[in-house]
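Following are the structures in question.
Look for chain A in each of the two complexes below; its partner is chain B in the first and chain C in the second.
Up next is the complex of A and B:
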C-alpha cells in the first residue's frame, strides 16, 4: 500500500508551499514533494508583485493599477487581481509580523546590495529600516572580507538614484577574523550566539567598530547576516549600542532572508498538517484514463508511486529546473507538458542582453483553471494544476513579479486541486 | 566549435562497437572519474551554507572546495589533498543542498580515502585512533563478550583519561554501555523467525549498535514486522562501513562490504528486501556502496534497501493502523539525523505519530546533532561537535518532553550527552502502539 493523499504538490518553493496550504484549506490531505533545497536560498526574501510593466516602465507605485496592461496569457491575467490579493493575504498570514508592507497596496522601495531601489510589496521586518522613501540619513556598512557588498559604491548608487536622504558607505573589519572566503552563515552564527571576542560579545564589538563612522546617521544598514534564530535580538542589541536604527540590506545568493523565508513556509506547512517528503526526485507518473493517478518518486534506485486525486506542478522555471531545454527544444521534464516555443532556437532570444527575450517567458500554458494545456489547447491531464515559475507567459525577472506570480497562482492551483480531489 | 555550428557527422561504429553502451567515464583508465559531476558545479555555494562544520569552524573551507574544486586541483600530479578533508564530518547535507546533483559526498569520501592512504602516517597516533574508532565493531565484539566488565572498565574515569592522553579519544563522553545480551544472542535464543511467509520477507541489517548496545531497537523491529506478517531473516553481517568512510578507511569498508553484499544478495534472490533501523546503515548500503565499490550484486542490494519505517509506510497502511490509536508514552523531542534527511526521511516519524494520542512529538529543528559518528569522539573535534549540536540541545530544552527520539544511535548519544534526556527509537514507539 503505497503512500496516498488527496492532493500532491511537487515543488517546495513559494508556489509549492502556498499551493499546499491553499489545498489544505479546502479540508483535504496534502503532501508536498521536493527534491533539492528550493531556490529560495538564492532569493532576496523580498515579496514582489509587480515593479515594472511588461514594456519596462516603472518603478510602479501601485502594482494593481498596472495588472490590466499586462499581455494576454500573463499568469496575472489568467487568475485575476483577486487572486493576487488572496495570495498576499495568505502570505501575510504565514509571515505574521516577520514581514511588513501589508498596510498599503502601494509598493515600497527597498535598497538592494548594488545600491538600486527595488519596488516590492512585502519586505522582511529586518529590512524595514532601509525603506528609501524615509528621509532619515543612512550609513551603509560593509566588511573587508565580504566582496559582494561594497558599501561606498552602494551608497553612491543610491545617491545617484535620487533618494531623499544623505547616504554614506564605510568598510570596517568584522570583529571576529574568519577565513577569507567565510560563509555568510559563519557571520550569522557569531552574531546569533554573540560569540566572545576579547572581553565582549561580537555584537558589542561590531557596534564599536561602526560607531566612529556614524556622523549623525539615524539608520545603519548591514548586509543581511545579522543572525538567524536570534535576528531580532541581534538588531535590538546593535541599535541600543549605536543609538540608531539598524536594518539589513538584502543580498545575493546564498541569502539568509531566503533561508528564513523557507523556515517560515516550512513552519506554516507543519502547522497545517501538510505531509512533506524531501530529498528524492519525482521522475515520472502513472495515469488512469485522462487523469493522473500517481507521481513516481525515485528513492535512490527504487521508483515509488505517490498516489493522489489531484496534483499541483510547482517545480519552478529554468533556474529551478522545472523547465528544461536542449538544442532540440524546450520541455517540462516531469509530466512532459507542452511548452510553447519557437521551432528555431535562434528565435528564443534577442541580441540585446537586456532586451525582451522570449525564453524568459517560457513555461507551460495554463487554461483558466491553471491546468497545463497541450499544443491543441486541451488540458494535459484532468487533475493537474500548475503554479509558480513553471507557468509561462511572464518575464518575472524584468517585471519584478516572481513571488507575486507564485503566490497568486499557488493559491488558485492549490484550491482547484483541493476542490477537485 | 561555436555554439552555432553543428557537430561534424561521424560514424560511431568506426571506433566503438556499440554507441549505446558507451559510458563517458570509460575513456579514463584509472578507475572512477568524477569529472561529469564536477562540471555540473556552478559555484552557487548552496552546499557551503548547509554545511554544519563550516558554520562553526573558521578553518574549514567547505564542501564546494572539498569536492569539485579539490577534484580539479588534484588532477595536477603535484597537488596533494588538503588536510582539511579530515574535518568533513560526512553528514552529507551538501548532497541534498546541491541543485545540480553534484556527487559531493562521493568526492569527499574519495578524497578522504586518498588522503588517508597516501598522506597520513600510518604509525601516527591519529591514524591508529581513527582506525580503532572506525572499526568499532571489532572493539564491540570483544567488549560485549564480557559486557559488565567492559562497561565498568570503559566507564572508569582513569581509563577515560588514558584514552584521551594516549589515543586522543575525548574523556568528556560516556562510553556507550554494552547490553548484557546482544541482539543476535536474543535472536538465537528465541529460535529465529516466528512468522513464516512466502510473500512478505525482510532481511534485517541490524548494524553494530543495535546488536551490541541497544538490542531493544532490534527486538522492537522484529516484533513490529512480525505483527505485520513479515518473515524476518537476520543474516551474518559486518559493519555497514559508515565510520570507515568518515575516517577514510576505504579498504576496511570494502572488506566489510564484501561480507555484507553477498549475504544480503542471496536473500534478495529469495524474495527478501533489506531493512535497517539505523539511517546511516541504510544510507551506506543504498548510496555509498554503489558509489565506491564494485562488488557483484551491489546494485541489487542498493535497490532493495530501505529504512525500516520507510518500508512499512510504502508497503502497509500503517497510517490507518495508527489513526486513533492511544499509547501511554512520554512527550518526545524528535531529531532527524542528517542521514535520514539525505534519504528524504526527516519528516516521517513526526508525520506518522502526529495523530497518535497519549503524547506529543515535536520536531526540534533542522540542525545537525554534531557528533557525526566517530567525529565527536575525537579530542580535537569534541568542542566543534558540541558547538554544532548547541542548536539542537537548545531546541530540545524548549520542547515539551524530556525524552528524545531519533533513528541514529550516535545522534542519540549526542542528544543524551547534551541534555541528559533518555532517547528512544521510533520503532520502540511503534512497537508500543501496534504490538
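Up next is the complex of A and C:
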C-alpha cells in the first residue's frame, strides 16, 4: 500500500518539528521524515530570536523592535513579526515549564561556556539561575578532566564584561572517576541515577566538593551535565546540600540541553499524532505538473515514494546538509532548489573569521508563502514550503536568531502546507 | 674580534635554528631572534617532504647528492620528526620514456637507491593510483615535520646555552664605523615568553657577528644594513586533504611543472605546488586557480582527489636567489642551491653574512657550512657535531612501547603522542592528574598542550606547531577554546582570550581556501559553535560594548518558581517587566 499523507515534513530539528505541529493544527494528517539525529546535539538548547542587528549592533534587549531594521529577504521580514510571536507561543506550549523567558518580550543574557554573555529569548529552566542581569553572587564550577569549560577563565571573562555581581570560578574533581576523556553524558548519568560513591551518592559527594568554595555565593553554575531524565531532582538535591541556587551553563556538543530539547519536540509530535519515519534518507522526488507528488525515501536500498499533497523542506543549512556545495556552486540537494550565491567561490567568505560571511546566509530564497523560488523568482514547486536553516537570507550565527527563524518559518510553512493540502 | 664572541642569528626557520644549534654546540655564545614563531616564514609553509634527491637527479645533481646524504643524516638525528614513507616517481602515458630513463640514470649517478615498479606493482603499493599509469621509480623520499624539527633544534641550542627570542622583529641593523655590530629588535606585546618579562618594547642586541638567515626576508635585513640582496621570493600553494589518500610520496615523473607532488603527512596528505615569483614575501595574492590546479592536476595521478575533502590551503615563499646577472626568467629554473654572502667580501661591510637560497632537506648541511664560516672569523676550528648528535626527542627513540597502560591513554592517542614526542614521551606524559584529550582530530592530550605552553608561553599558535592541536579535520572548531582553557592555568583571562582570537583567526586563514562541500559544512558548524553557542563574535568584552544589564530579563516573575521566590525574598532580583 503506498504511503500517503496530507503533509510530509522532511527534517527533524526545531523547524521540522514545529512545521509538523503547525500543519497538524490545521487538521490534516502529517508525517515527519528524518534521516539522522538532528543537529540539536550540537546546539546550546537556548532559543534565540534576535540578539544583534544585521549590522552587528547589540546585544539587543528587545528583539521585536529591531525586526523591521533587518534587510529585505530576511526570513523574519518574509513572515512578519506576528509569525515570530506565534512561533514562540507554539514553542512555549511545547516546552511547558521546561523553558523560561516567556514572561517578558525582553531578551535575557545567559553566560556561555566561554564566559561571554549571550542574548536569548528562552532558556531552559536549568539555566535560569545563571542569567546575568540577576545581581546575586555566582560561583562557577568546572571539572579537572573537562577541557571544554574552565570555570575561573569564564568567571574572569564575565567579570570583564561588567556583570552586576561577583563571580569566581573553581575547578574540582568530580566525585566519580571516569576515563580521562569521558563525555558529558557519562557525568550526567552518574548524577541522574545518583550512583554510589563510597558511602554516599554522587550528588551529595559533588556538593561536598563544591561547598568549601561557596564563599557566600548564592548561585552555583556547572557545565550542562546535571542529569538528564532526573535533571530537576539533581539540581534540587544539589541546591539543598549547598543552600544556593544551582544552574547549568550551556555547552557545545554533545549538548545535553540540545538533546533534551529534541526529546521535548518529539514528545509533542507524538502527542499531536504526527507520524514519524526516522532513520531513512530522503533521496529524491516525483512530480505531477508543477507540483510535487512524492518524496522518495531510500529504505535499505529500495526507493519508496512517500506521497502527499504538500511538503515542508526543513532539512537544515550547511551543517545539516540541507544545503550542499561543491567547487562549482551551491544548491539544495533534495529537491534541487535554487540557492542564490556569488558565482566566484572566493566571494563566499570574508577574511575576518567573525566577519560578514556570505556563506553563513546561504539557503533557498522563499516567496511570501515560504516556497523556495527558482532563479527567476517563481516557486520551484506549487506545494513545497521551506522552514529553518534551509531558508537563506539571514546570518543567524551573527544575529543569534537561528532558533527564532526556525520557529517563525516552521509555524508559517507548516500552516501553509496544511492549508494547501 | 673579542675573546667572548657573541653571534646573533636572525631568522627562526630551519636554517636559523640549525645555525644557532651548531654555534652553541661548538661553544659559541649565540642568540637567535625571530619576528614571529619559530618556523613563521618559509619553513612552516612547506609540504613536509624529506627529499631523497630524486627530484633534482636530472637537473641539479650536486643538490641531489646533498639531499640523499642529509636524508640519511636526518633519519638518524631527527627520527621523531621523520616518517620514512618512501616515494614514487610516477610516469603517466603522456610523460616521456626518455625523461623516465634520465630520472633513473640520474638517481644512479647520485647514489639514490631506486627500484622500477610496473603499473601493477605500483598500484599494489598505492591502490588509489590512476589505473592508466605506466610505471614508477621508487626512491627513499619521506615526510618530515618542520615544526618539530625547528623546535628540537632550538631546544638543543638552548640546552647548549643559546638564547632564543621569538616575536622579536629586527627593526634595524646597527652599523658603527662601517661595521655591523648588532641589531635592534622590537619585542611583540603580550605576556608570557614573548617578552621574557621585559617591559621595554625595543632592545638593542650587540654582537660580534650577525648571520642573516631570513630567507625570503633577507633583502629587508640587507636594506637595514645598507646592502643589496636580491632575493626573488616565489610563492607556492599547498592544499591539505583531510585523510591520507596515499601513504607514499607521489611525484609526477616529468621535467617540471606545477602541482606534481603529494606528500602523506601525519593524518593528512599535502598537495603541492605552484611556483610564481612575487614582489613581497608577506603580501601576495592567494588565488583560487592555484587550489583548483592542485586538485585537477594531481587527480591525474590519484583520481579520488577530485572528490576528496580538503581542509585548508596555505602558501609559502621560496627564498630563491641567483647571483646577479644570471637573468633567469622562470622561477622554476632558478637553482635551489644556497649562497653565502659575506658582506665584508661583497659590500665592504664587515660583521655580517647573509644566507640565501637553499632547501629544507639540506638545512643542517647549510648550517654547518655557515657555522664553519662564522667560526673561521673567530679563528675557531671546533668541529661540527650536528650530524652525529641526535636532536632532543630523538636520543633514544625506541618507539612504540605500549604506552597505553603506562599513561592511561587509549591506544591510538597514546601511540600518536609517543610518536610526536619521541624520547621526551616519559617526561611529558607522566603527569599528575587526569590527562584528557584536548584535540580529538589529532589525538593531542592536555599533557602535550601544557608542555607546549611551558615551551612557548602564551602563544597558542606556537603551541599548535609543537603539538598539532587544532590542525586536523575540524580546524580548531572543537579545540581552539580548550587550548585557551589550558592557557588559563597560568595566564590571566585577557591573555588567554587574545591568544584564542589569534589562533582562531590563523586557523581561519587557511580554511578559507577549502570552503566547499564537507569543509564548508564543517566551517559553518565551527562558526555556529563559536559565534552562536559561545557568542564570541558579539561578546561585549570583545566588541567593547558596555552592557546595560538592567535592561535585560532579570528572571521569571515572582511566584513562577520556587527559586525565584527565594531569591526575591533576598531582595537581590531585578525584574525586567
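By our rule, the second predicted complex is superposed on the first by the 421 of 421 C-alpha atoms of A that agree within 3 Å, B and C clash if a C-alpha of one lies under 4 Å from a C-alpha of the other, contacts with A are read in each partner's own complex, and residues count from 1 in each chain.
Going forward, contacts are C-beta pairs under 8 Å (C-beta built on N, C-alpha and C of every residue); 3 or more make two chains touch, one makes a residue touch a chain.
Fair warning: this is a prediction, and the values are worked out from it, not measured in the lab.
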item	value
Contacts of A:250 with chain B and chain C, given as first, second, both or neither	second
First (chain B), second (chain C), both or neither touched by A:134	second
Touched partner set for A:200, first chain B, second chain C, both or neither	neither
First, second, both or neither for A:85, with chain B first and chain C second	neither
First (chain B), second (chain C), both or neither touched by A:184	first
Of chain B and chain C, the chain that contacts the larger number of chain A residues	C
First, second, both or neither for A:218, with chain B first and chain C second	second
Touching partner for A:232 - first (chain B), second (chain C), both, neither	neither
First, second, both or neither for A:307, with chain B first and chain C second	neither
Touched partner set for A:321, first chain B, second chain C, both or neither	both
Residues on chain A lying within both footprints (that of chain B and that of chain C)	42, 179, 181, 253, 321
Touching residues on chain A, where the partner in the complex is chain B	1-3, 36-37, 39, 41-42, 176-179, 181-186, 189, 193, 229, 253-254, 259, 270, 273, 275-280, 299-302, 304, 320-321
Chain A residues within the chain C interface of the complex	42-44, 48, 51-52, 56, 58-59, 61, 97, 100-101, 103-109, 112-119, 125, 128-129, 131-136, 144-150, 152-153, 156-157, 159-164, 179-181, 218, 239, 245, 250-253, 255, 317-319, 321, 324-327, 344-346, 348-349, 351-354, 357, 359-360, 396-398, 400, 402
In the complex with chain A, residue positions of chain C that touch it	288, 292, 295, 408-410, 433-438, 445-446, 478, 481-482, 484-486, 488-489, 492-494, 496-497, 504-505, 507-509, 512, 515-517, 520-521, 523-525, 527-543, 545-557, 560-561, 563-564, 566-567, 570, 572-574, 576-577
Touch list for chain B against partner chain A, complex	44-46, 48-51, 54-56, 58-59, 61-62, 96-99, 101, 286-287, 299, 302-304, 306, 310, 313-317, 341-347, 351, 354, 363, 390-391
